[in-house]
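Both complexes shown next keep chain A, but they swap its partner, so chain B is in the first and chain C is in the second.
Let's turn to the complex of A and B:
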């Protein structure tokens, strides 16, 4: 964690079923398109989990109306955080196939 | 008296699933145990990669527009299995010297426990997917057979329930029996137990029996006598000797052509789900195969055309010119299938099952139809469609058959047309058989009965209501027989009812002259036919 700046943002998860199977798959697939290390958390204080791991993301069992925190570190960190936030705002439509 | 010191004698009452008398000792099935005695043929990483390949193949044959949910579920499984995080606990276990299957179970069971404990339904419901992944990978690791059990020769296996694939993978021997706390006499595993003549009692409810305790299982009565005393053991020995005599008489009856007391010929065919069920069965005891269940072939994902073709050809070869009636995939209802059936239906028995599912996934269905048409070139194959409700469903199947036919012709592959029939399971169909453009029909009595009596066949609490002697059910049967006779439509009955000798007189009285039963029941059914006047 010592090269590059940490970028952080947060977004309200509105998806009715929470961060369940399909949104989790879409989110991890999107995160994997960035070289930055991307993490998400359900609280500002963490615990932070690897946004590229569907096992970890599903394991959070995040219900709807949770404030989701996104942070990234690496070359394309800013783009990664923006893309994840946009995906959640767009109700998980338009992620990579 | 030594057994009395262990525990006092007591008797448990369940429901009969498969007849037979056995004295043996209780072995409890630990559902969470890794499969035992199976060599780790494939390293874990390769097994995971193969499981992912199978899922991708499954995804590619699932129609996106028609079955988006199934696609998403498969996609989820692919991503989950492909996530290295999943295998972290397995790596630790492997490093500690565990075999691949044990290591895999440790990793996936941790996930299953985690999701099973979730507050939210959405997450709890993923447990089914995780179990699918668990079984799929185990199947790859163990060379295709899911969780074979290795049991002592006098084992009375006690379990909550038993997966049909696991039952089939296990090499059952005479002297063994199965007790299930749940399940029902019409569950798939019960059908298989009857076919394999493994005594089975189901619906015993929640109870605890000490492993190693002696038990006399009476499959026919649905009772279990625990810690039997001397008198009970002597009684068992007497009845066992009688049963052996009867078995010899039935074997003799099986070899004869079935005729009623008045000399009227009755066709007796057999029901089959796997080739190994035919081991040791003489084709001469039957008039052909009246029902081939194809679901088990799909248990580890849809088989390709060549695999299916091989299966159908082997059945035809065994039958030696006798007809073989193959039922197209009958998934759904109480037979969910990973990645194929629809998850989360509130009432799967009234949902997307049988031909409804096949027509919703025509590409998957067409693979089966192509294999059937190709096999038909090798013998008297007939195609039977389950869960038909409206005449247009059968017409849609005919159109798909026509498409498959022109494809095969264009490819220059040998094929032959095959008679197309329907299962009579929906009461509305039994009431209107004249409306269907079919070459033959067969009554699926388990489903026809459950739909007529509004009593789910997977619910032990209402199984007494699934009463085949009800005048309403009898009237329905008689009407179907009459309509079929008037139209010259060959009508058979391939449900469970036909295999119970006590019900045979009722079916003959209703006018049926063709029955299809498990091979193990042929002798008893032919005896019952010969006594009917």
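Let's turn to the complex of A and C:
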């Protein structure tokens, strides 16, 4: 249990098209599989965006080579952050079907 | 638990099918999905019968969210909803959102198991986004 503790990490977004439609959908779907509150940002200082909101994630229009910050809070926060970072590292391949 | 179904209604069958293809490829098969477009004569248009068929094909106990393109698609969808049996009528909504983008957004939200009102809100959130 790490309820109440914020888990944070960051990863370099290398996907050529940036966080565009398909990667945004994949990331959102993955975030939705966790009960933790999951947020992402394109800068360490935010603004933080709900990673479970596909409209907000796509609305960030994050270009390639952006350092993507991921943080989560809740029971499975550590697993959520690790999974999102892995998804970005794996070029958005292997998300939930 | 069943996910909300998505119905795509366009005057053009090509647009409707293309939007549905995008949803399938981006979101996957975890969401009931159907499309309808064109009039019964093979021209551009929409038909109440076609929309009723699509609602039936995408039916989910959690309800169905419809995405439409232009005027007639919306009025025919409203008519189709009115013709549904009582127990289904209250569980079908039309989203005020662009048909392609709205379908992808709504399907992504539905995929996660969100209820019908949340799915509709997510599609319509597109209109609120500041540039």
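Note that the second predicted complex is superposed on the first by the 94 of 97 C-alpha atoms of A that agree within 3 Å, B and C clash if a C-alpha of one lies under 4 Å from a C-alpha of the other, contacts with A are read in each partner's own complex, and residues count from 1 in each chain.
The definition used in the following text is that a residue touches a chain if its C-beta (ideal position, glycine included) is under 8 Å from a C-beta of that chain, and two chains touch if they have at least 3 such contacts.
Everything numeric here is computed off the predicted structure, so don't read it as measured data.
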Which of chain B and chain C A:61 touches, first, second, both or neither: first
Which of chain B and chain C A:43 touches, first, second, both or neither: neither
Partner chain(s) touched by A:28 [first = chain B, second = chain C, both, neither]: both
Partner chain in contact with A:12 - chain B first, chain C second, else both or neither: neither
Chain B versus chain C as contact partner of A:53, first or second or both or neither: both
A:20 touches, of chain B and chain C: first, second, both or neither? first
Contact residues of chain A, present in both the chain B and the chain C interface: 21-22, 25, 28-29, 53-56, 58-59
Complex interface listing, chain A residues touching chain C: 21-22, 25-26, 28-29, 32-33, 52-56, 58-59, 97
For the chain A and chain B complex, residues of the former touching the latter: 17-18, 20-22, 24-25, 28-29, 50, 53-56, 58-59, 61, 63
Complex contact set, residues of chain B against chain A: 72-73, 75-76, 79-80, 83-86, 111, 114, 118-120, 122-123, 126, 129
Contact footprint of chain A on chain C as seen in their complex: 25-30, 104-105, 108-109, 111-113, 122, 125-126, 129
